[in-house]
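What follows is a single structure, and I will ask about it in a moment.
Every chain is named by a letter (A, B and C) in the order it is written, and numbering of its residues begins at 1.
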């Protein structure tokens, strides 16, 4: 079952993991010994090592972004081997670990970007005000990196025993239930709109709550509503097919704008909670809103253009 | 402009290189730090350049407390305000004079025209125009020293630190060196650590003697 | 910055040239292997495109038996079928040269399902072909016959039939070497002679092939066929393609082992190169820091250096792999794949290169090289400058 892409995936995964273990060691040292007020040699060395950790985290961010795309691509390359699978979604849903892997990958990507943006703010200061947040974020991040690898290995081990999957049959269904997580789609739509409008609010806690709602409702609506307009097929509901070249890779733009705006807004909220008042914080907010508007324009373009062309809703 | 307060430096092996050093420099000019080897003068120079941090005490350069400055701020400060002249010149021996002078300017991302202007004025001023594309390995010791000084001057820093700058030079070149530093002493602090007696003869120079980590 | 990095690299020729060289070789080997597998896969896929939409075998207890041709009428009753053909082919093993001849029967006046055979047959002078029992053989087979010309195989060949009698086929033509054919031990002959040689009765065939009018109806037609002939093995073209893909998607263990070995060599070398950072380059970093470069600036320099080496080596290795496959037709390497019945051993490699393969190889090499280089450069960039300079 191994092919070149999966081999490559594992190779880069292992490489990235090894360097992140290095970063973990540094993180432990920082956790136990970092004390800005100390003038000891150890402190001096630690400040130097924090730069090394930063490089590693930058590189991990870069490779984890590439690996998410690669993961989906590699799965797509497998889809002909497993009966019933038509694209990555069939493979990814073939066992429980597929979606877990993807979620863990996304969370670790978010934590990496979070770490880096804190570091970006810290650079302005002549002391290390955010070091504690960075240390804890990294510990959390490492847990997700391990989880991600664990899920990934289990996913492939189970996948190699699978010969037939249901593929889109679940996603393809048109069973008429308009419920997701027990909530009607109309309500999800209202949540989507409200949380979108509230993204210009400044309060950290409100931002955190609404951004979470926005992310969840967006993902649900992309899968269940917008996707059928992208494919122009009422029964085709799948978040993965839009990543293929048949749909000119539009999915990458959709998800990229969504995740970028969410990541920035979460960073804004969390940094605000720590009462870190920074001029650049409002810049982050503006970037977030920019991407959010881009995302919303992108997704509503498909239903609207469909309606204009055909005069009906799907 | 340079203010050292109660600075102590103890190395990891327990050696106390500096003991409660206090030093204040408020005017431009030439300052000599004299002492035998092992007296702590190199340590003090390293602290001033920000290569090392003191164990206790405060170091203030041009109003900036560098004793506790994170690395990226320190390198920025060093780039803008400190020029360093080494004992062994430390030039890139395979590169030409022009290219060696380019190196400190690379992080500044200047445009090519401005960069060229800066370098050529300096090369012209110190009479090396005809050799500017010669690789530094082939230059004489005195010429190499001149390139090293030019490199320290290229960013127009307020402070010039020199570590035994005359140790590898013969008498003539030492005199040229003295002339050179004399030419820009009016608008810079030139801080030289040395054990060479030749500096005793220059007028209006302030000499600090250091012995056993104590300035006397 | 790029300029400066270039100059520094050129100053360290002794260290950088061997590294670049090894880098190029490894990129070359891995890319050749991967492009080769991809291309062979593509070629097979293209060849399979000529196969019929559905093929029916008479399979009993997992073994193939001759299929009775009269079921053709029954099949033609199913709606949506464009055409039905019986096909006769099989291996014949004479007692010399350890030879395996692939015998394929064709209908001189009928339509032949296989487009490649169709192409060959149209070139044949039919009247002389029908005068006496004749065959068309591939170039490879012809060369073997030449070696045994003392036996009289120069213009004909004797096949032994089931009842031990001899059956002579005259050589009527030789297939052009450059033609794309399934095997170079190929014998093409009239379908009735093929049946004779391979021991089929007149009303039997190896399989029955079906083309459908509308590709979307294939599954329904197969369902109907299965309903009618529950014992028969019914194969869809797309399933055939998938099974061939599987065959090439890493000719299993061997290729995997080779590429893994090469990759680890590559990594080890990179690590070795970078850890053996001599005192000179550490001193360089220290000087740069002393004259005001920040760790980030040094990192950028090292990144540029590593990128120059990596991109140069990658492009050189990758291009030479393409040239090697194009002009030397993958000599030596291709032996891993041939010598099996799947591939004509005189195969001309057409290079199929997709963007994704290029980018994944690029990502693999350039990324891992830069990654290791930078981390190690960082480590030396954060070492204390004072010790090095004093």
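The rule is simple: a contact is a pair of C-beta atoms (placed from the backbone, for glycine too) under 8 Å apart; a residue touches a chain by one contact, two chains touch by 3 or more.
Worth saying up front: this structure is predicted, and the values here are computed from it rather than measured.
With A-C and A-B as the two chain pairs, more C-beta contacts join A-C.
Remark: the per-chain Cα centre closest to the mean position of all protein Cα atoms belongs to A.
Computed from the mean C-alpha positions, the centre of subunit B lies at a distance of 66 Å from the centre of subunit C. Once the centre of each chain is set as its mean CA position, subunit A and subunit C turn out to be 37 Å apart.
Centre-to-centre spacing of subunit A and subunit B amounts to 50 Å, using the average Cα coordinate of each chain.
Of all residues in subunit B, those that touch two or more other chains are 52, 71-72.
Touching two or more other chains at once are residues 48, 51 of subunit A. In subunit C, the positions touching at least two other chains are 295. Within the complex formed with subunit B, the subunit C residues making contact are 1, 4, 7-8, 11, 283-284, 287-297, 384-386, 389-390. Across the complex, subunit C is touched by residues 42, 46, 49, 51-52, 71-72, 75-76, 78-80, 82-84, 86, 90, 92, 94-95, 99, 102-104, 106-107, 151-152, 155, 163 of subunit B. Residue ranges on subunit B touching subunit A, taken from their complex, read 11-12, 52-56, 67-73.
Note for the complex: subunit A touches subunit C at residues 2-5, 7-8, 11-12, 15, 19, 22, 48-49, 51-52, 55-56, 59, 63, 66, 70, 73, 80-81. If you check the complex, the residues on subunit A that touch subunit B are 36, 39-41, 44, 47-48, 51, 123, 126-128.
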